[in-house]
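In the two complexes below, chain A is the common chain; its partner is chain B in one and chain C in the other.
On to the complex of A and B.
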């Protein structure tokens, strides 16, 4: 891995070049910090904790047209494939936990023998430039789930601010070239090698920051909860304060459940997939009226066990990146860290 | 940099789709490479309804015999007994339905569909010549290779007999019959008018190379056959468990009372196979709703052994 240094000014120049030939999506400060297509580097917020919405929406759209149809056409032309909007894109300045979530979603959407072409195309056409964390928010717990402020998973380029500078354009960054795709973003740009002292300084800072993050419950133990605590009353206890709104699922960088619905008018229409969530009772409701998970505690249990037992079993890692959005968004003040502690005591 | 795969979704497959978080360098490349194109698993294949048969006297079950409009779709849709498809009407939606035909019966497919919700109600309005979308084949199907050389005890109840019919027809086909040992079929419904495939059952009962027991919970009309619940008839018939597989599909109550009888007859949990139903959308293990613990019924199932199910939470 090549490691160089880059000034904010040079970075802005790079971004200018990228915007000329592809879409650049980056954090922008409005009422909240959100990801948005940008036309110039000046619009980009580099001093933020995390975006309000996760980056999964860039690859896995809240609503996606799977196909269009026209029932007035000849029978073998009723179905028209949806046109892809997967333009070459740079996802710039996202946090390490977000980039890590992409590698988790890959395991679901790109699992052989099926490959989700909508997700895959956007993923293949998007380079991810990660901005390492120099501070942690009050609900961050990435180090408990395998991530960290310096986690390079899912990054093509990885930036770490090493000198803030008195003015924004004076900042200096360590720039790690993680993948070939990352290197291709730097074509024609002369990246000065970073000296060993700077690298050492940056990794020490990241380690110090990581050390400030408290480790939540022992996830290795929680992996066994499906076997040892499936029928424990703890699920009823934690679900008492859940209203089943699914805000946690929609804001989760790794939740990926969806529904498929047809929309039609005058013989023309589209088949659309929309985000859905296991928090809803109708999610599993059969047409016969039978429901495998009719009770809220069953649905809370499903959410937790999927993330911390079954996803690890199927894909080798927890389906959680510790971004803490679910904690901030819960209208009932539920905190997944407390839930995991409570469950951990039962296994 | 331009992407030449922009306008259609036959997307290239990345080199290593299950890359660990550590090996970030194997992420899909931004530059297009030599990669095999794959088909879009969300697109239905179009079929035309050839024949519609009302199966039950309450008219709630109809069998639709359909044929692909594009001849090469037959090859794309190579299936085995026990698999299912998402059948769909454009503008109404999709529903997961077991394939009732056997691949030994030719290019046409059969779906026996219970009218239960929006999609299946709309499908019940179809007439011969209308179009039906079919996406699949999906799921694992019955493990034919493992069944080979074994006796088959096929036990079905109500309208959950469709994929068992596929298996039975497959195993009875002239060029397959020798691959299996004794074949015993036990099938029951609440009353005679609710039995599926009645004329076919009569033909099967006349065959000498299989044993067929048809029963109803309560007789009516001119019924002269067996009366009794499927579990009781199973106990009565007592099919041998030596070198045998039991394949069971039916309503929950039937399954609940049949399983202990099969255990008593000496069937180990590894040789009792069940096919499950779940609400499904994608059918390919992504959309998240048909899981039982870590298993997805659409992708890992719908056929599971009792031994496998015993390791899963009882959430189905």
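On to the complex of A and C.
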């Protein structure tokens, strides 16, 4: 991995180049900090905690048309598959937990033989430039789920601020070239090699920050909860104030459940894939009227076990990056860290 | 501990000890500053976790029809009006609930604090008299409470509960406002623009609907799939239909408690639509939502002198 240093000014120049030839999506401070397409580097917020919504919607759309059908069309045009719109894009300045979430979603959407073409094309056409964390938010727990402020998973380029600078353009960053795709973003740019002292300093700062993050429950033990605590009353206890909305799931960078519906009118229509959430009472409702998860605690249990038991068993890691959005978003103040602690005591 | 919290805990303990109720619904400290979480107190231990400050903006009436038979509930002015409506709609029996009224000083709009910070995260928030001191990383912001109160609270005409079994007096209620209107632009195009912008933010998580005590349909028509009234995707049209539908279904029922606005994770605020429906019902039928138990809801009856000037040619 090549490691260089770059000034904010040079970085802005790079961003200018990228915006000329592709879409650049970056954090922008409006009411709060949101991900948004940007036209220039000046719009980008580099001093923020985390974005309101995660990046998953960029790859896995809240609503995706899969195909269109028209029975009145010529027989060979009855069904037309939808193309993926996958403009060349740079996701710039996202947090390490975001980039890590892409590697988890990859395990679902890019696993052969059921590779999702829409997701795949967007992933293939998107470079991810990560901005390492120099401070932690009140709901951050990335180190408990395998991530960290300096986690390079899923990054093509990785930036670490090493000098804040009195003025925004005076900041200096360590720039790690993590992948080939990252290197291609720097074509024609002369990246000065970082000296060993700076690298050492940056990794020490990241380690110090990581050490301030509290470790939540032992996930290895939580993983056994499906066997050891499936019928424990703990599920009823933790979910008392869950009202069954999907604020947690829709703001989660790794939740990826969906529902497919045909929208038909007069022999024509389209097949659409929409986000869905296990917290909704009708999520598992069968056409017969039978619902295998009629109770709220069963739905909360499903959410936890999917993330911390079944996803690890099937895909080799917890489906959580510790971004803490679900904690912030829950209107009732439910806290997944407290839930996991409570469950941890029962396994 | 302030006097009000002491009264809340004493009252809860007494109600539980005397077995008047099985459960006391209140608030306890949540995981984040300015976000208290519901407390389901069934014992003296639970009662001692109860707390109260200006971050108790949720409406606990949403939990009244579930977890126990006899329930005591801490209720602000707006909560008490929601309970009146739920009683009118026969959601539960009057004798099974004990309403503990809490005079309300007005609740903080978390979103306003976030906007002032430009961040969704803050580490700490504390009240110093009429100022709210918020810390986010190295930044500290001092905000006059009046500037970050919810719009609904600023305009609330009934901060003291109107309907209760016990009224606590450890707090001073806000001075009732004249009940001014949430302003919506007079110009039709501007109004539409504003609505479009709010609806565009919606991610259809239904947090607003699910925290609303008066949105209790067994099956919401936003969820029905045969037929599909509202598409589940967050498209502009379906978002608009969903928000309008909710505003219409709550006409004459919404008590402007603000829970739906507080709950929204992306800051959708269509309070002005709900206020508009409230005004329609008030002006046409002289009816105020949740004011008195013996007032018949206008949509539950029919009178030969009912106004019908809404039938117009456009």
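Heads up, the rule we're going with is that the second predicted complex is superposed on the first by the 342 of 347 C-alpha atoms of A that agree within 3 Å, B and C clash if a C-alpha of one lies under 4 Å from a C-alpha of the other, contacts with A are read in each partner's own complex, and residues count from 1 in each chain.
We take it that contacts are C-beta pairs under 8 Å (C-beta built on N, C-alpha and C of every residue); 3 or more make two chains touch, one makes a residue touch a chain.
Treat the numbers as computed from the prediction; the structure is a model and nothing was measured.
Superposition of the two structures on chain A leaves chain B and chain C fitting side by side, clash-free. Contacts of A:259 after superposition on the shared chain: both chain B and chain C are touched.
After overlaying the two complexes on the shared chain, residue contacts for A:107 are found with chain B alone; chain C is out of touch. Using the contact criterion defined above for the overlaid structures, shared-chain residue A:190 touches neither chain B nor chain C, since it reaches no partner. Number of chain A residues touched is higher for B, counting chain B against chain C.
When the shared chain is aligned, chain B comes close enough to touch A:284, but chain C does not.
Touch criterion not met for A:167: it reaches neither chain B nor chain C. Look at A:125: by the touch rule set out above, it reaches chain B but stays clear of chain C.
Overlay on chain A (Cα): least separation between chain B and chain C is 6 Å.
Counting contacts as defined above, chain A residues 259, 261, 276 meet chain B in one complex and chain C in the other. By the touch rule above, chain A contacts chain B in their complex via residues 21-22, 66-67, 69, 71, 75-76, 78-79, 81-84, 86-88, 100, 103-104, 106-112, 114-118, 120-121, 123-127, 146, 152-156, 178-181, 184, 226, 230, 256-262, 264, 267, 269, 271, 273, 276, 278, 283-288, 292-293, 298, 302, 305-306, 309-310, 313-317.
Interface of chain C with chain A (complex): residues 30-33, 35-38, 40, 58, 62-63, 67, 111, 114-115, 118-123, 136-137, 203-207, 209-211, 219, 223, 225, 228, 231-235, 259, 262-267.
On the chain B side of its complex with chain A, the touching residues are 1-3, 5-14, 17-22, 24-25, 27-31, 38, 40-44, 46, 48, 69-70, 90-95, 116-117, 120, 131, 133, 277-279, 281-282, 284-294, 299, 313, 315-316. Interface residues of chain A, counted against chain C in their complex, comprise 29, 31-33, 48-50, 52-53, 62-63, 135, 137-139, 240-241, 243-247, 249-251, 259, 261, 263, 272, 274, 276-277, 280-282, 327-329, 331-335, 337-338.
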